[in-house]
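I've put the structures underneath this note.
Look at the two complexes coming up: subunit A is in both, with subunit B in one and subunit C in the other.
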Partner chain A sequence: MSQRKRLSNTQSSSQNKRQSSSSVTQEEDEDATFTQPSTSQVQRGLEKLTPAQVDQKTAEVVQYFLMKDQKKIPVRRADLVKYVVKDYRTIYPEIIKRAARTFEQVFGLKLVEIDPKHHMYILVNNLETATSRAAPVECPTNPKMGLLFVILSVIFMKGGTVKENLIWNTLKKLRVDPGQKHEEFGDVKKVVTDEFVRQKYLEYLRIPHTEPVEYEFRWGPRADAEVSKARILEFMGKLHEQDPRSWTQQYREAHATQNSS
Partner chain B sequence: MRRSKAGGDEDTPRQNGSSGRRRAEHGDGEDAGVDSCPAGMQDEDDENDLGLRREIRSKYRDLINSVQQNREDMLSPSNNKLTEVLEEANKLFKDVRQAREAALDAQLLVVATDLGKEKASQLFYEGSAFDPTAFAEHLLSFMGLNRLEDEEDDHQNEATRDGYLPKDAWHRLAKHTEGCFSTAPSFHYMMGSFHAEPPPPKQRVERQRRVPSKEAKRIMPTQLKKMEESHQEATEKEVERILGFLKSYHQDDPSSPLSYYEFVVDPNSFSRTVENIFHFSFLIRDGLARMYLDDDKLPCVAPVEEGEMEAAGSSTRKQCIISMSPKIWKEIVETFEIRETIIPPPETQNE
Partner chain C sequence: MSRQLGDGHRRFLQTMMGVYIIDELKAKALYQYCCETFKMQCAADRLDEFIETINLKLQPMFMQVRKGMSEENGHQYYALVNTAETDITRMTSDYADNELELFRKTMDLIVGSEKGTASSTDILNSTDTMTSKKLKKSETEHLLTRLVQDKWLCEKRGEYTLSTRCIIEMEPYIRSMYQDQVKMCHICHNVAFQCQICENPSCGIKIHNPCVARYFKGKMEPQCPACDDFWPHEIPEVRGLRSQSKK
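What follows is the complex of A and B.
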């Protein structure tokens, strides 16, 4: 399907070149407001610009990502092009490639496209988490991550999909009532079903054909990219004083996904 | 198909306790309508065990509610709650006579079936099953729950409502689970907090309010001054004043003609003389005064009477120009031996 889309987007003259082009061009192909420039177009665009200009634009893109990442809301390609790349859109693939390189080499971060259809990007820590714990700088912990951990764990341990009531009931047992204002999280329901969802940690979906309406939770694409199932299982094992391997199915899933990524 | 329907029905009351109860009551209402038909026949029976009927219904409702509220606990594989509930329902069913109670029994069955289905789904797991209740309990201990009143609360089945978590409970959990997340550390500003969003536009409202009030203040006084100093008005007043003098002189002595020069010339002021001539010309123009030459060919003036006005208007008009210079003015004053003015200067100017 992506093949067909790609063909329809490109001009026939540049087709041969495109097929041999790097993965960057393949990453984003369909967007209502923006058509991916072909490699030859990029080449032509680069010839018109000085290297300093391209570096400057790349730096702006990097800054935009860092600012947006403060709230952990994914960056949409359409916004990126509209607010930052602007006139440089002909060389967009080159700029995003350079920005990704900067994140990897300078910041130790990885630029991940979590939604190839709507072209959304996030930043993920690329360094080994175990070593980053030993970092001399004490990062302030965000208690919301604890809340998120509980929800993601329950979803994972329950096989990937969970009715919302199970989540609310579990949280209630942890003294977090979605109907009441929590001193740490404020409006819990909003944090879980709005903030975590917009950050793409969670998906909050309506279960079809239910009357009255019922919702279920799943892992969002950011959780898939950021959260290690093996480590969750490890923590579970410690918590329950149980061998993580005793949860056979979860153990298999956790280690299957880890190898693939 | 059948199973999914049961699940849907069950979902209604499980949403929260109150809606479930409302549904039950609604059901009662419908059943009451059905009951009313054979009411005549069963009247005595009904009245005898009305209390029993009520008791059964209330027990059913309690049972349904308790299943809905404690659903997650009943799912836990470590207890036999579901069996207990079903046994309890079986006991109640012995006394069920009316459709109303039967409907409640059916409703309980729907709830219980869904629970059973969920319990069965737990069997699919290989190895250990995951129990969210146990998980929550472990987490509470991990976060440092203070379990003072744990034992007293045991009968409630629900996880201990008493006991409290330390303030840093969630921080503690977040810290220990950080390793599971490879979240990119977000940068923050070194010099205090700074919001990335632009501040809301606020000033615009004030600015718009201030401008019109200032302008209104500036315009008002200038308008008033203009009204009072209007040249048009001053001239009109002066013309009327002069007409008044002319009339009064004429009345004092209607037979003797009034010399024009004696009337308008002010021996003390040339400019006043010119002003008088100017103002008098309006009287002539409006036909309120007339000018004629006496036997010595000297100009004389007289007011025009009311009746005469129309006749004068129809007669052909004549125009003449009077010139006056300081030299002529002095000659006139000397020749006519004018000592004082007939038209005194207006009082406002004396002030």
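What follows is the complex of A and C.
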């Protein structure tokens, strides 16, 4: 089976770096063939390996996650097993456990499974981000994150789901026209409906029984894990010079979910 | 002094993962900021110790915060580097095979040159001898822009040099790949690209421009520290810490 796949990817090397998202269905088949090893299988697998081998594999997994996280691409278990874990798949649960511990203890990041069905993982910052004074060295924030923040705010304030037209109209008011090439974001519509969706910040879903076809936006699982609703409310409060508490429903939601995350 | 990693260390590391390289002044400011934010003890002269604590935990992940000097201004910088192999592993996720080949060729040109530079024309011409898929002119230009953006190369008026990040990260690779070609600075003993060379043919030592500035400062009759011959080059001025160019 892997032979066939190799052939279909001839232009890239076997250490495939640029995974295209077009082969999703095929990857899903692959994932179905991976069954989570049992505790006793893991135990037996570990006995056959030296601690150094396990450490080495854990390091590779950590590096793979960090590399994907730079571009905010979620990691699929199927890819992880196929490209990194490989022959160590019998001890996969142990390796993931160690990688998660490393992210937490060394990098201040949390490994989160955002899609239990398709086994997708992301890294979320574990450290308090709101601080009293500005950091002397700021990480170069992706300018697209401002765009994303606006969209997430609109969705949140409108109760969780909005039709796409509302988003496009909001952006137009901010002089970001989805029909035109933006000098900083490029193809705005593509960034919003493709890039943000692939990164799991947004969900872009067809509304059933609409003619012509209409779509709506929702928060994606990465946004749920990463973006503070309380901060969005704070931002809206400043923008509208209004007490965040005046949006009762949103305020309740923002502060109810905050404790759990 | 505890060797335990705290949130201050973690925030420092997170910032390094975003910027890859910072100069010493910024590193000190960041260190102080991280300590204050996470209520840790902070002593101005403890930065290297603080980084050592991070490195201890990073080592099993084949990563390291490494210190090195900028050939441009002589200041110290800290870079987050990959120690997995001496090859250009960190770049393999961001660049295609033929792009990496051209980068290697650019390194060849820079290492082989006297002044540690390669002109865009020479780089463009070197695509003729590529063994992987040949890059077109426009692709090469685009690649060079990306390499500068990603802080692997620096560019000034069409001349390319290895960036400080590149030199810090790839020093072991450069030392092993270009054993016969690469020379160390006579003063600081690091690899030297942008430098001055002793004109005595039986000597020919190299000294970084900033090391020249520091070594010969205030000397009326500059002499080569190895052969005592007259040092004929213009002695650059020592550049102050505050006048640092943004990199």
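Some notes on this structure:
The definition used in the following text is that the second predicted complex is superposed on the first by the 224 of 261 C-alpha atoms of A that agree within 3 Å, B and C clash if a C-alpha of one lies under 4 Å from a C-alpha of the other, contacts with A are read in each partner's own complex, and residues count from 1 in each chain.
The rule is simple: a residue touches a chain if its C-beta (ideal position, glycine included) is under 8 Å from a C-beta of that chain, and two chains touch if they have at least 3 such contacts.
Since we're looking at a predicted model, the values are computed, not measured.
Set against each other, subunit B and subunit C touch different numbers of residues in subunit A, with B touching more.
After overlaying the two complexes on the shared chain, residue contacts for A:N165 are found with subunit B alone; subunit C is out of touch.
In the superposed model, A:Q105 lies in contact with subunit C only, and not with subunit B. When the two complexes are overlaid on their common chain A, residue A:A59 makes contact with subunit C while staying clear of subunit B. Once the two complexes are overlaid on the shared chain, A:V150 sits against subunit B while remaining clear of subunit C. Judged by the touch definition given at the top, the superposed model places A:L239 against subunit B, while subunit C stays out of reach.
In the superposed pair of complexes, A:G186 makes contact with neither subunit B nor subunit C.
For the contact definition in use here, the residues of subunit A common to its subunit B contact set and its subunit C contact set are 66-67, 107, 109, 125-126, 133, 139.
Remark: subunit A residues 66-67, 69-72, 107, 109, 122-126, 129-130, 133, 139, 141-147, 149-150, 153-154, 157-159, 165-166, 169-170, 172-175, 184-185, 209-212, 214, 226-228, 231-232, 235-236, 239-240, 242, 245-251 touch subunit B in the complex.
The residues of subunit C lying in touch with subunit A in their complex are 5, 7, 10-11, 13-15, 17-19, 22, 26, 29-30, 32-33, 37, 57-58, 60-62, 82, 84, 92-93, 96-97. By the touch criterion given at the top, residues 4, 8, 11-12, 14-15, 71-72, 125-128, 130, 132-140, 142-143, 158-159, 164-165, 170-188, 196 of subunit B touch subunit A in their complex.
Taken together, the subunit A residues at the contact with subunit C in this complex read 13, 15, 17, 55, 58-59, 62-63, 66-67, 102, 105-109, 125-128, 131, 133, 135-137, 139-140.
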